[in-house]
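My questions all concern the structure below.
Note that the chains are named A, B, C and D in the order they appear, and that numbering of residues resets to 1 at the start of each chain.
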Amino acid sequence: MGGVAMSKTIKASIIGITGYTGLETLRLLLAHPNVEIAHLTSRQHENASIGEVFPHLSHLDLTVTNTDHKTVGADSDVVFLGLPHKTAQDVVADLHGSVKVIDLSADYRLDDVETYEKYYTSHNHPELLSEVVYGLPEVVGADAIKNASTVANPGCFALLGQMMLFPFKGMIERADIFAITGSSGSGKSASDGTHHPVRNHNIKSYNINAHRHIPEITRAAGIKEDQLNFVPTSGPFARGIFANAFVKLQADINPLDLAEQAYGEQEFVRLTDNVALANIVGSNYIDLSYARGEDGVIIVQGAIDNLVKGASGAAVQNMNLMFGLDEPTGLDTLAPIYP
Amino acid sequence: MGGVAMSKTIKASIIGITGYTGLETLRLLLAHPNVEIAHLTSRQHENASIGEVFPHLSHLDLTVTNTDHKTVGADSDVVFLGLPHKTAQDVVADLHGSVKVIDLSADYRLDDVETYEKYYTSHNHPELLSEVVYGLPEVVGADAIKNASTVANPGCFALLGQMMLFPFKGMIERADIFAITGSSGSGKSASDGTHHPVRNHNIKSYNINAHRHIPEITRAAGIKEDQLNFVPTSGPFARGIFANAFVKLQADINPLDLAEQAYGEQEFVRLTDNVALANIVGSNYIDLSYARGEDGVIIVQGAIDNLVKGASGAAVQNMNLMFGLDEPTGLDTLAPIYP
Amino acid sequence: MGGVAMSKTIKASIIGITGYTGLETLRLLLAHPNVEIAHLTSRQHENASIGEVFPHLSHLDLTVTNTDHKTVGADSDVVFLGLPHKTAQDVVADLHGSVKVIDLSADYRLDDVETYEKYYTSHNHPELLSEVVYGLPEVVGADAIKNASTVANPGCFALLGQMMLFPFKGMIERADIFAITGSSGSGKSASDGTHHPVRNHNIKSYNINAHRHIPEITRAAGIKEDQLNFVPTSGPFARGIFANAFVKLQADINPLDLAEQAYGEQEFVRLTDNVALANIVGSNYIDLSYARGEDGVIIVQGAIDNLVKGASGAAVQNMNLMFGLDEPTGLDTLAPIYP
Amino acid sequence: MGGVAMSKTIKASIIGITGYTGLETLRLLLAHPNVEIAHLTSRQHENASIGEVFPHLSHLDLTVTNTDHKTVGADSDVVFLGLPHKTAQDVVADLHGSVKVIDLSADYRLDDVETYEKYYTSHNHPELLSEVVYGLPEVVGADAIKNASTVANPGCFALLGQMMLFPFKGMIERADIFAITGSSGSGKSASDGTHHPVRNHNIKSYNINAHRHIPEITRAAGIKEDQLNFVPTSGPFARGIFANAFVKLQADINPLDLAEQAYGEQEFVRLTDNVALANIVGSNYIDLSYARGEDGVIIVQGAIDNLVKGASGAAVQNMNLMFGLDEPTGLDTLAPIYP
């Protein structure tokens, strides 16, 4: 709506366009006033019009190619990586420093290699872990990201969980989180867990206290793993994560004051007294509520679109910071799809 | 499947057939080998074939009438009340003692009138509160129900919440429950909260720590209201409730041992290590899991069909006990609808 | 509800219990007063408790084995085959004549081998095609099924399509059918077409005028393939098929009269003026409406639960006839799940 | 993505912001580079921040007022009317000629008052019917809209139905359309038909051959009412309309050639051989397929988002034409939400 479009144009590429995060990044970049698409790549498609691969984008005059990542890097101002974990390790290492990189995989989210290897797999480039910046400006600060060459985009559950707890950093005795995600969080490949006849009306938890996003949450909350119970759950809807946390603090502090202190200036954080999943779908907003419960417990609720704020929206927000644009550029014009 | 049908025939009536609990009671009674329908009544229909009122039952040769409740009582062995709260108060008072009554409303669920009036409204017959038996055999014992003249059927959230906590009765320091219900829990009348365009993909909590089912839960768990955080939540599905509880006990006790002790003999309780909503829809089963979490917290999960075990199935289970039938009669032949 | 259970007990087995039709047959047999389960077999499970394989049935004391089909046949009064097409061919041939067989696959649905091989694959036992009886009593007559040794159960789309048109047999100039099915029609294996993130809100037609159920429809309607347009479509729900047909007859005849003539005595056919999918889910009922449209077109609508009337319910109905039970036994006590 | 934003800024207002079409118009205008919001009005809200009325828009610094429509007109370059039928009649009459008006109601969609009064109600300003331009550029031509002062935006079913048939204008013998719509088509007020417990898995037709959108379809197709069977149907999803038409032409003509001739230059029409609802949700695209069926029948399928191309997107497209902007401005950057 209105406003003066900046003249700057960023050449952006997506490596791994066929996954949901790659695809959602493209959706957001198409709505961004300062971006033009350089390359869209996929190992599965040598050279296909985008409409062949994704009929919902058949109006676009774009091509999906199997261009190697170094060529992509050389032709781009920024490269988004929508690759699986492990695969991204070497690609980041090859590109780091030569082009701005925003890695949507988990490979560089954690600081120390031991934790990474405990939750994921072996790491080929542990020396880079400290050079890649964790891409959550509301937690690490915008300045860190502005100066980054490569950014590691947060996990979806991780982003929501840590933003719920971050205002209490260093004050938490224990946090018990129940979080329920839509089926798009499972990615683009069909599986038993996303088989419609059952998923359509099922709710089931999985990886309780063992989910890979846990170390991102504990780090931001300033707690140890034994101070967190985290119950990831799958729900009968396509987009979004809704989470409820029961938090016991070390002292009696007004939770809303802390939340306002932490997020008062943040464009995409909406503090509310009534979080509802339908209010954020399709947008980069995160809704958060903080209330006092019984027995000194703080009840925190939060909701995000797992593919936007939980992935590609956060990535574009990082891109804006890395290129000196206003942080909300191209994202604040995308209101939630409602209903 | 198989088995010798008992020769006993129970004349059953439903007062308030147009609500979802009345309707679901009818569905279950139709599958019961020892029941014949006497009256189905509704204030909205003077004398209508059931197919006119409910096209999904157009194959039945039954009539919905506006017969007064005393006549219904005189013609029946058992009367199910599917009436709104408050309305049921006087009807129970009129029928109590003259016919077996199973009241699906909230009017006689609580023991003391103060708590009732705090959560609901004024009570015309407080003297009856101690005579009506709370209809949850797994918690109060089957004997109490066998000898009851009138039974008060539990609330849906209340049934699930208390059955999750009951094995820990008297040992709980604090319980924090998040429970998510399908839209049929809101009853048959359309409202903003059940408007499909939004409900279809929404999750939203309501009445946090203020829900009317709380006193049923605290009573069965042996705790005070300030030892419970209860977060009722509406979800994007039609049938069922899924709940997760983080429970802190006063001592370190194996939760599964306690659960097996409490429920080992119960026909409709299925202890599992993986609760999934889709596993119970359409049936009277309640699935429960008990596991140790971090920091001494017990993680309890449970699922029921809100209209079956959470309402009409529990009512039929009570009827079986009141008439000396095997507790599962007519219910254990109804497997979950899957998928 | 009520009624005297017959003393007869039928030993029933299901070969191929892990598919949705096998599983749904079990659900219905569990509610049948004259059936006891002999064998439940699957190639994937050597000897597993049913609760291991299907957690939603963990309350049952039944075992899934890999028993060979001849042993199953020898131990049973009736065998239901929930096998894939082609696999069922030889199993039927081995069992035919020695035990009652109800084949839920497509292998013996068609009369002539040319049509079978055009739509499916090669047939090892074409000589049996004329011995196996097509299991749709409303179309072929109950007597044919009563005397059958082996019955071929209709396809789901085929059952609905032909029952919509059958009253007009021999009078149809052209029929144009649009039919939309739930995701359970795709079976138990996850696939791109049943991936929840998209299926959740998608509608898409497939195999237009090329679907394998077409020859069953044309046969019952007395038309040739070039008199039928059939548009099978997948929809965003789990259970049921809803279909709309525009039918041009050779003469101006009251369609409802014809429908009443064809189905007036049928227990599971409900003629209505308002077909709604939600009215039949979970039950064996088929709702049909017949109305005059513009330009002499008859508008026919129909709805079934694809897994009940469209598969396992029709199979149990056939079993009842084959064993001299009342046709609706064990099925008419299962009212639709509503809501 | 990229491009130079035009410097022109249009002051746009929405009268009737609380309905779904008003709300969706706002969503689209927020993403439009040449629009600034002047007034958002509603009779229900005297002066409320938008976040109070619509929590999903709580990040916006906008106010909902009860400003009278003449003041709104005086302050705006364009006024969108999201009012109910009948209410819009006088408002259009008051504003026509003094400000550009885009009326999303049905009040000025039809040319002659008899047809309007047959399908709707009495009309206070029949003399304006010929002055208001029907706002479907793909059918009436862009030039007509460029010069219009007031535009009547098409109905949602009407838009899809007529765009499916328009390539055959004057050549149609009969068209039989089955169209299934999401629940958002019923508007923002809860009703029995949108009650989630049932709508969640229901399909039901209504107003067969009596729907108010019929005269828009017949007009564009060049047929009489007795040449059309139109079966509007409600489905279990929130957004979108999918339609299937069986069309008999007066001569044997290649349908795809006609479609390419009609729509080859149209930015928002995507001719495809596989229409899928999920491919257009959230966007202004209309997907259409044309294929030959049996017996000379043409099978046409189409899909739109009922709130975008079926309402607010078409309205913004009209606005662009009325203000000399490129027709797709602000709309082609909004790709479908997928998944």
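We take it that a residue touches a chain if its C-beta (ideal position, glycine included) is under 8 Å from a C-beta of that chain, and two chains touch if they have at least 3 such contacts.
Note that the structure is predicted; figures quoted are calculated from it, not measured.
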Chains touching both subunit B and subunit C, listed by label: A, D
Relative to subunit C, chain with the most remote C-alpha centre: A
Pair joined by the larger number of C-beta contacts - C-D, B-D: C-D
Distance from subunit D to subunit A - Cα centre to Cα centre, in angstrom: 35
Whole-Å gap separating subunit B and subunit D, where each centre is the average of the chain's CA atoms: 46
Centre-to-centre distance between subunit D and subunit C (centres being mean Cα positions), rounded to whole Å: 41
Subunit D: positions in contact with at least two other chains: 20, 184, 197-198, 200-201, 237-239, 274, 276, 278, 338-339
Residues of subunit A touching subunit B in the complex: 174, 176, 178, 180, 197-198, 200-205, 208-209, 225-229, 231, 233, 235-240, 242, 244, 246, 274-278, 281, 291, 293-295, 297, 299, 301, 303, 338-339
In the complex with subunit C, residue positions of subunit B that touch it: 1-5, 9, 20, 23, 26-27, 29-37, 54-60, 184, 238-239, 267-268, 270, 272, 274, 276, 278-280, 282, 285, 332-339
Interface residues, subunit B side, partner subunit D - complex: 20, 182-184, 186, 188-192, 194-201, 237-239
